[in-house]
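Every chain is named by a letter (A, B, C, D and E) in the order it is written, and numbering of its residues begins at 1.
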Amino acid sequence: MEWVVFIPAAALALAGGVGVVVARQPVHSAIALLVVLVALAVTYLLLAAQFIAALQVIIYAGAIVVLFLFVIMLLHARSGEGPVPKLPRQPVAAAIVAALYLAVLLVAVLDASAPFPPPPEGFGEARQIGAALFAGFLLPFQLAAIILLVGIVTAVILGRRPEGEEER
Amino acid sequence: MLSVLIALPLAGALLVALIPREREETIRRVGLAVSLGALVVAAWLFRAFDPASGEMQFAVRVPWIPALGIGYAVGVDGISLLLVGLTAVIFPLALLGSWGSITEQVKWFTVAMLSLEGAVFGTFLALDLILFYVFWEAVLIPMAFLIALWGGPARRYAAIKFFLYTMAASVVMLVAILALHVLGRRLLGERTFDLEVLATMVLPPGVQAWLFAAFALAFAVKVPVWPLHTWLPDAHTEAPTAGSVILAALLLKMGTYGFVRFGPMLFPEALPASAPLLAALAIVGILYGAVVSWAQTDLKRLIAFSSVSHLGFVMLGIASLTEQGLQGSLIQMVNHGISTGALFLIVGVLYDRTHSRQIADYGGVAALMPRFAVIFTIVMLSSVALPGTNGFVGEFLILLGAFQTSTWWAVLGVGGVILSAVYLLWAYQQVMHGPQAARHPERLVEVTRREVLVFAPLVALIFLIGVYPKPLLDRSEAAVQAVLNRLDRPAMAEPLRRPR
Amino acid sequence: MNDVVIRVGWPLMLVWPLVGWLANGLLGGRLPRTASGIIASGVAGASFATALLVASAYRGVAAADAAVSFPIPLFDWLGAGRLTVEASLLVDPLALVMALVVGGVGFLIHVYSIGYMADDPHPSRYFAYLNLFVFAMLLLVSAGNLLLLFVGWELVGLCSYLLIGYWFDRPAAAAAGRKAFVVNRIGDAAFLLGVFLLFVALGTLDILEIREGVATLSGAERRLAALLLFAGATGKSAQLPLHIWLPDAMEGPTPVSALIHAATMVTAGVFVIARLDRLFLTAPEALVVVAMVGALTAFFAATVALRQHDLKRVLAYSTISQLGYMFVGMGVAAPSAAIFHLVSHAFFKALLFLAAGSVMHAMHEVIDMRRLGGLARPLRQTAGGFVIGALALAGVPPFAGFFSKDLILEHAFAFGLRTGNYLPYALGLVTAAVTAVYITRAVLLTFSGPPAEPGARPHEAPPVMLWPMAALAVLSVTGGLLGASVAGAPLLRFLDGLLGLVESGAEAAPHPPAGLLLGLSVAAALAGMLVGWRAHRGRRDPVLGRVGVFLEQRWYIDALYDRAIVAPGHTLARWLAGPFDLGVIDGAVNLVGRGLGALGGQARRLQTGYARQYALGVLIGTVLILGYWMLRW
Amino acid sequence: MVPSFAYLALSAALFTLGAMGVLVRRSALIIFMSVELMLNSVNLAFVTFARMHQSIEGQVVVFFVLVVTAVEVVVGLALIVDIFRSRESVDVDDVDLLRG
Amino acid sequence: MIAPPPVPILLIAPEVAVLATAMVVLVADLWLRPERRDLLVGGSVLGVVLAALLGVTLPDGVGFADRYVRDGLTRVGQTLALAAIALGILVAPEYLRRLRMERGEYYALVLIAGAGAMLMAASGDLLLLFLALETLSIPLYVLAASRRGSVRSQEAGMKYFLLGTFASAFFLYGIALLYGAAGTTRLAGLADFLARGPSSLAAAAGVGLLVIGLGFKAALVPFHTWAPDVYEGAPFPAAAFMSVVAKIAVFAALVRVFPLTLGALAGQWTVLLGVLAAVTMIVGNLAALAQTNYKRLLAYSSIAHAGYLLVGVATATPDAASAVMTYLAVYAAMGTGAFAVAVALERGGQEADRIEDYAGLAERAPLLAAATALFMISLAGLPPTGGFIAKLGIFAAAVEGGGRGGLVLALIGVLTSVTSVYYYLRVPYVMYAGQPGPAVASGGISSGGISSGVGGPGGAVRLHPSPMVNLVLLLTAAVVLQMGFLPRTIIAFAQQVGALLR
């Protein structure tokens, strides 16, 4: 019964993924990314990870993709690629290596997959994650805060208009 | 007492480093004073040394890095005593000899020379394998800088080649030292690099062969044994006079010293097994060095190849593993240091005057510089191993030793004695004899008092050792005896028919 | 008392020339020019006097024929393990005879040199070397063990090098000096090998111990040791094949040629064989080799002397020839006879050389016989001396040469009787004749007939040169008595005490017809002079066609050496030094260096600067690691 | 019941797609998005394993991954804007001053 | 109501101290007038010293659901990280003021990155390890790009960021796979799982991906390509700090993950790490042969040193682990020192980063030249210096523990060190033999592509003596010499790590 939901979500995710990689205009790939994120959120629901699915939609789709769109607008149309392709042989090589990597990864993943046991009561609820956050994961939590701080500091530093003399 | 011998020059180097660059006179005097101080200590050591005992004397053993099992262990025995003496004599002369020729950056020159002296002392006195390796490498840095900064036109190439060639071989020895340490820990249960402790180990022949090969490679490059010799001519032609003297007189001996010190102690089976190969290479070295130097046009290159030939003799003596052979090679190390050191000083005298080392630029110099001609003759004769000079004593003992091991070694070796006369006399004649043909005759002024002062001790030693070598031979006899006992080779069976 | 005189006198004899060397060497520069000559001669004389003193003391101690050896240990020289070498001297009849000859002739030549070197700017260097040579020769003669003997052996080689190249500004002299030293060195190398063999076999180098220990050596060892020592002797005494240096050695001052290359050094080879006579006499095969080489060399040198134009070279080849005789003497087990010939040869050959020297002195360094001639009248005393020497050389009785050469021929014949090998005797006889021819040619070309260059006004040599020649002339005449049986052969009896032991055995062999041999050798001498007179009367010098050229070219041996040894040696050296050493070995080393540099360049090209390629690199690395990893896991 | 391998296969596919994106595209923005894609695929894997092991840890890890991704986007975009301001282009291949 | 769990704050006191200092610096930066900025430096160093004191005195323990492990390795790792932070801060001010980059944020970022490194050394849990890695990496990306207005610095930052995030994705996927296989991200749990049955391919892939993530950060070959470009672009003090702190953190983590946790499965991973080490040593040293830029030279040298360190990790014996920590201590000193030398030099407003810029420096700045010579000799591993003793320790452990493979690694190590002597000693040679002044005509240098005679752009190399840089030089030189002559204290300190393994 879950297949009915999983198939389209997976298809959407893959299509979005390809869209991100292939789209000429950055705006299109941003939207494709949005599609992938939403599709993933659906799969999270299937995997009894309601809170995470919610987070995914709110933070990822909401904040990060919006930030991307904002920057794309800021850089106008020129945010695309330059006319001259500098590394001709790169795509072919990348394809081959990526395929190999996928094969290896699939083998690894296959070995790790096991049947799903029935989900325990209240699994994936916000309450359960919240409790875990402040019990077992207290230190990582604090550290996450620090990382966020660094993000802010970076934005301030790199955003500031350079006072030093311009050096082409 | 031995640590003073090592520390004094190093302290001197530090002291000179502090003196401001302009006061060149004081720098030179301090440098000379320090090396003379080392000479006094060495002289005291020479006298206080007890010739009877073959054991290490004045030994000092202090743990340095206990975690890795490395200790500061120094000691002297018959074998290293001669070389320590030679070092103490050569350095002051080299310093005095370069007062005229080294003008710029005198301070760094003196610092390099004094640190070199400390490192060379350390190499000859170290008993701990890692300490030996540290001094063995430490010698490379000042020597390479001596060549690189005060050398001739292609000095950089020569310095790099000298440094990397020697170091590449000696790092392989380092790995062998580490392997020995590991075996020591496994077989003896001791965490040590001390030579005398590791020597008690009985190594399986297979392992011993490999380890000896690593040690032998490092020493062979330094000796230099043919075909690993190609760095020597370049290093000599480009090094300043003082550098060449030290390189020829002392650094080459570290290779042969290595063979004598570490061969029998650590590899009692591997050394005799590889002795024929060493002897073969030595003989090739003797003949090859002599023939090639006959075709040289540059005086220093000629002397460099002659060193290859002379060191070939020393190696032949060692490879013979007989009493006479070993003692002959020990004393020949000292002799070669004196005669080749003097030869380089002689080339230095000529180079300081006309800035040319090409034989073609000279001719009939004997008429212009008669006193110089006398000195050159004496040194040349010592180099040709004329009886009555020091060269003969060494060469006679070596060939005698070689003869006892295999007649063919001696027959080929004696060929070297003939060839050495050929090229050295040829060179002497091209430079000194014949009609006056030097390019700058007006500059070839007679040797100055200071230069004579440099040559006087060397000439005295040439005759002293030539006429009365007993003091040197007696001091090294006990140590050589100990070495041969280790190789459990009976000293040549006492011939039955000794009439007296 | 005599004992003390011997023990102190003998080393003192050595010290005199050493003091002379040091005096002239160090103070030479400051001494007035003539003083150094006088000091040197004085010292040589003192040394000769001391030798005489020791000889007389020795006569007092030793009974007439009993040979007594006095070893005189000086100090412990060298010790390495089992080898302990004492610097010790040895007094015995052989050493005494040699010392007297060296001392006597040496003194005379020193005096002669004062005159000869009169116009040399700083003769102190010359006299220092001369004194050093006398010291070295006496050391060689008096050494108590083979090593010290070898020291003397090479020191005389050094002095000959220094003296030949005395006028070093002349390239020919310098080259000749070097050639002498190198060729000697080849001989010394063989000698050294012989010394090693003896030491390894007997465990000692002391001459007395060797003489006693020889019996214990195996036949092969004795033979090999004897041959090696003989090879050394050929180097020093310029026998075939190592004779090439002696003719060139004439570049040196003539007194040097007289002293070193006639009387003393070149005889060292003969002395060594006599010194170790026990070894040689007990190795018959080796003796045969000695005899044959001696005979061949004698014949070869004599024939070459026929066609030499330089008077001193004629005398040089004559010396080689006479040395050949001495070796024949040794070879036929007649060491005393050989020594007797050595002594007489020293007298008349020195005389001939000194005479040649005064000719050069008179004719301003000209020695080429074609430019001489008609000197009999202006140089009467010199000519007289030369003729006496010539007669002695030719072996005309009653001169010294006749007695000593005839004695050797006699023993050679006895040797022929004993072993059936008459070659030494035959060659000896023919050589005697040829000798007479070339010496007559020399006399005629130099002294008789009209002067080739009338312009030169030769003046007779000063008395200081003439007196020594006169003394030698007397010795050349009376020298024969030393060994002549009619006069009781005092020298032979004196030597036989030491060397004669084995010989007595030979005596029992069939006795050679002494009278017949005597006649034969006199006939040979006279015939030779007659031929010489007829061929070269009035300074004619027939070319003798291709044979003459062959002889003139010294049987093309020198050319052979140059083309077979020297030239290829040079090319080998140049090839080894250039293409092989620099190219191959050094090339390999540089190759490693450049190779690493190139690799470095490659690794550097990896850094393209494009971030995306770096990312590809990361992915490739990942795939490799995972792939490898999971296979092994 | 959808087997866990399906989810994991999807995650691997997305990851590889993201990797391809980084290697192929030359616009920095697209590359960033591809990286986001890769990180999201990791999240999917974590959630799947959490479900498999019935341990909430997997999902908590996803929470932290989200945080880190957010910061990375901030830093990345800040860098892009900074470079754009001085170079008028966002093409990664123009950025090749440093090499050798 | 969820009762808040007791927080063992004492356990992580050093990290807290450092992070607190970072906060203080950030805030204080707003009030202080530009010329009073040295106070910030003082404050930061004070914080670091306080953290160090805490670190050394605190007892061992495990906390935060045993994600945070304080043991010998942590103590040594954290002390070294703190030293790196201190040096990183001290070396910066003069340089920043000269190029008008003087900002409080720089010090804050250094402190935070340092804290990340400290946590990496102490994390017993893969998630915490990942977060600590990010805490370390992100500030470094920014520091690389912190040279405002310099195109090269921006490029460096961009490249570092792009490849950094790319690699961290792989690292994360590795953690996911391990979590998938073992059910927990804690190293202890992982060890138990693998001990029970090491057959799981997923776990193998996971560990492999971990190696890639950490390998990238330590710039091991083939993940090293970013390092030369980033080092060249980044400002000198940042480059100095990056090269040292990243190595300390990564290798502390590697020692904890591999020898400590996966010790039982040594058979599997020692060969892989050994091969990686060999390749890194060879490529790192060879590429450095042809370098003309001082910073790129140091970049390749740091790659090579990563190779030597990996030899220690690959040998997986107690001695090897302590040898790694000793090597890290010495590398921190000589690495920072080598960079610090260049900080004081400046040519026409630009960094003097071409080797020929240092020609003839010995005349003008003898002490600086002597210090450089010392660092170069130590980096090359020549006897009288600490570098030699450190390498000796590593190779001795390799020969002893590594069996035949160890012997091969040691041989490769010593032989590549010989090639390193060539490019290291070129710098002091140029200093002593070259002619000073703009027209750099240091004749004779034929190889290595240094074009002689080319005048550096923008006039002569000017020297800016600054007390702090001199202090750094003094400290680092002292450590190198002390390690060379009397290494007992440092080695003893590092022995704590070996003790863990025994």
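The rule is short, and it goes like this: contacts are C-beta pairs under 8 Å (C-beta built on N, C-alpha and C of every residue); 3 or more make two chains touch, one makes a residue touch a chain.
This is a predicted model, so every value here is computed, not measured.
Student: Could you tell me which chains make contact with chain A and chain B both?
Tutor: Shared contacts of chain A and chain B: C, E.
Student: More C-beta pairs touching across which pair, B-C or A-D?
Tutor: A-D
Student: Compared with chain C, which chain's mean CA position is the farthest off?
Tutor: Looking at centroid distances, A is the chain farthest away.
Student: Give the identifier of the chain nearest to the protein's overall CA centre, each chain being represented by its own CA mean.
Tutor: B
Student: Whole-Å distance, chain C centre to chain E centre, using C-alpha means?
Tutor: Distance between chain centres: 78 Å.
Student: How many angstrom lie between the centres of chain A and chain C, each centre taken as the mean Cα position?
Tutor: Here the centre of chain C sits 103 Å away from the centre of chain A.
Student: Quick check: how many Å separate the C-alpha centres of chain B and chain D?
Tutor: 66
Student: Could you work out how far the Cα centre of chain A sits from that of chain E, in whole Å?
Tutor: Each chain reduced to its C-alpha mean, chain A and chain E end up 31 Å apart.
Student: Where in chain B do residues touch two or more other chains at once?
Tutor: 164
Student: Can you tell me which residues of chain A touch two or more of the remaining chains?
Tutor: If we look for residues of chain A contacting two or more partner chains, we find 86-87, 90, 94, 97-98, 101, 104-105, 107-109, 112, 136-137, 140, 144, 147, 150-151, 154, 158, 166, 168.
Student: Among the residues of chain E, pick out those that touch two or more other chains and give their numbers.
Tutor: Residue numbers touching two or more other chains: 127, 131, 134, 138, 142, 145, 149, 151, 158-159, 162, 166, 173, 177, 180, 201, 204-205, 228-229, 419.
Student: Applying that definition of touch, give me each pair of chains that meets it.
Tutor: Contact pairs between chains: A-C, A-D, A-E, B-C, B-E, C-D, C-E, D-E.
Student: For chain E, which residues are in contact with chain A within the complex?
Tutor: Per the touch definition, chain E meets chain A at residues 2, 4-5, 7, 12, 19, 26, 63-65, 67-68, 99-101, 103, 105, 108-109, 112, 115, 119, 125, 127-128, 131-132, 134-135, 138-139, 142, 145-146, 148-151, 173, 177, 180-181, 200-202, 204-206, 349.
Student: Can you tell me which positions in chain C touch chain B when the two form their complex?
Tutor: 75-83, 147, 150-151, 153-155, 158, 161, 165, 168-169, 171, 174-175, 177-178, 181-182, 185-186, 188-190, 192-193, 196-197, 199-204, 206, 209, 212-213, 216, 569-570, 572-574, 576-578, 581-582, 585-586, 589, 593
Student: Quick one: in the complex, what on chain D touches chain A?
Tutor: Listed in rising order, the residues of chain D that touch chain A are 1-21, 23-27, 29-30, 32-34, 36-37, 40, 43-45, 47-52, 54, 56-57, 59-60, 62-64, 66-71, 73-75, 77-82, 84, 86, 88-91, 93-94, 96.
Student: For the complex, give me every residue of chain B touching chain E.
Tutor: Within the complex, chain B contacts chain E at residues 65-68, 105, 108, 130, 133-135, 137-138, 140-141, 144-145, 148-149, 154-157, 160, 163-164, 167-168, 171-172, 174-175, 178-179, 181-182, 185.
Student: So in the complex, the part of chain B that touches chain C is made up of which residues?
Tutor: These residues of chain B touch chain C: 161, 164-165, 227, 229-231, 288, 291-292, 294-296, 305, 322-324, 327-328, 364, 366-367, 381, 386-388, 392-393, 396-397, 399-400, 403-404, 407, 410-411, 414-415, 417-418, 421-422, 425-426, 429, 432-436, 468-470, 473-474, 477, 480-481, 491-492, 494-495, 497-500.
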